[in-house]
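Okay, so chain A shows up in both of these, paired with chain B first and chain C after.
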Partner chain A sequence: MILIVAGNPKEYPDDLNLTRLIELEKVETPIYVTVALNDSFVESGGFESTALKDGDRVEFLYFMGGGR
Partner chain B sequence: MRLRLKLSDYLRILEHARAGLPNEACGLIAGRLEEDARQVEKVYTLNNPDACPEHFSIPPQAQLEAIRDMRSLGLVLLGSFHSHPNTPARPSDEDINLAYDPAASCCILSLAGAEPVLKCFRIERATRLVREESIELTPSSP
Partner chain C sequence: MSFSGEQLARYSRHIILKGFGLRGQKRLSRGSVLIVGAGGLGSPAALYLAAAGVGRIGIIDADEVDLSNLQRQIIHGTADLGKPKADSARASMLAVNPEIEVRAIRAFADAGNIMELIRDYDFIIDGTDNFPAKFLINDACVLAGKAFSHAGILRFNGQLLTYVPGEGPCYRCLFKNPPPPEAVPTCRQAGVIGALAGVVGSLQAMEAVKYLAGTGGLLTGRLLTYDALKTSFRGIDLPRRADCPVCGEHPSITAPVDYTPAACDFR
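Right, the complex of A and B next:
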């Protein structure tokens, strides 16, 4: 199936969930990543149970902050 | 790797930072990954929900609208910028502690001195390694 990850269409195996996609994409510091799937946020506890389908759009986002 | 920034985008960051005083101001930078540089094509000025001179935050929810715009323009998120109203342009301990994405450029604009100073860094939170990225200012697009 084709997924659009960070704006890039790419072929992936079928039967993929978000946890596996994070592994395949070698996402940096995965415990801190926030995932938007088709413009909706997915709770981190739901990555394993979120199955992906052809045409899904996935964004990996991080909280940004700091100061002083 | 260096960050290539148009003068007009630098001035937009500066204007946003000055308008936000006395609080820290923040935003996102987007562009293209080129062989020898990270080319900034667009600056997104965002609200700082902390409304504070010493902190800023850009939660993922606030990034998503900008991300949608980037995708429509074929751009990638290069990183963020924020201002330091009263301190130098260097990552603070808090900046390092909250640098969750080591691939992101972290630009800091200091307004502490007589002249503004903009610097850019890549930060590895796990090792606390901070590397400065040089900034190449280029003429604005016609």
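Right, the complex of A and C next:
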């Protein structure tokens, strides 16, 4: 299936949940990442139970603490 | 309000700008911005807003200028080493534009002073370097009904979001709570390119200018991310969280909260 991850359409294996996608994408500090799936936030406790389907758009939001 | 001949010359590039004009300039002159942090983001934001003729600017920072700051904190110079950053920033801003009012505040924002600090300003710029401060500014602005610009930078990446009451998510909609101290890297641990702070801090100044002038659209409901290595900007549309603990329908946070800063940020 095709998923649009961080704006990039790419081929992924079927039967993928968010936890597995986070592993595949090598997301840094995954427990502190916010996930938006098709314009809705996914609770961090719900990654495992969130199955992905063809055409889904996934965004990872990262903490960026710098500035001063 | 009418401008002198010198002021008309100083702001002529704004005044001739279609969609901004004399009306926009007057609104800047009547406007006020509080910049929290006179550092990497605060430096370009403060200089541009001073140059633009924002009538009243507050700049708050409790630190002194350190040699390791000068690679990115362009409002300070080598001659300012050891001076309070707030005072050094104020001097640089008034050197660019002596016609504005600048208040230097030598303090750190905390739950005890933040509501008082933001009260008299139209727009707030978060130029801080740690999560406790970012959540504090977010919560205070939501509670006080103030618009503000969030930004964060790390390594070669930056992000920005503008909060306007009633329009789009707040920072806490995106990130419910600060990460535990040292759970995610900071600039001090991971490094940052100076010009990255310049790009992102200048975008924050642009948001403030548009907000005050009432011109154009703001970065509400959309997180802008900047990848300097790829020279790529992306806007990510994001909703409000109905269950957000501060801006949601049944908020549990009704006063500013002090979190413990990461050990490496605590000085």
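Following the convention adopted for this analysis, the second predicted complex is superposed on the first by the 62 of 68 C-alpha atoms of A that agree within 3 Å, B and C clash if a C-alpha of one lies under 4 Å from a C-alpha of the other, contacts with A are read in each partner's own complex, and residues count from 1 in each chain.
Just so we're on the same page, contacts are C-beta pairs under 8 Å (C-beta built on N, C-alpha and C of every residue); 3 or more make two chains touch, one makes a residue touch a chain.
All figures in this text were calculated on a predicted structure; none of them were measured in a lab.
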Once the structures are superposed on A, label A:34 by its partner contacts, choosing first (chain B), second (chain C), both or neither. both
Touched partner set for A:26, first chain B, second chain C, both or neither: neither
Which partner does A:63 contact after superposing on A: first (chain B), second (chain C), both, neither? both
Both partners, chain B and chain C, contact chain A at residues 6-7, 29, 32, 34, 36, 39, 41, 59, 61-68
Under the stated contact criterion, what part of chain B meets chain A in this complex? 24, 26, 50, 52, 54-61, 63-64, 67-68, 70-71, 74, 76, 80, 82, 84, 87, 91-104, 106, 125-126
Please give the residue numbers of chain A that touch chain B in the complex, ascending. 6-7, 28-29, 32-34, 36, 39, 41, 59, 61-68
Seen from chain A, its contact residues with chain C in the complex are 6-7, 29, 32, 34, 36, 39-41, 59, 61-68
Quick check on the complex: what are the chain C residues that touch chain A? 37-42, 61, 63, 73, 126-131, 134, 151-154, 157-159, 173-175, 179, 183-184, 186-187, 190, 192, 197, 223, 234, 236-239, 241, 262, 265
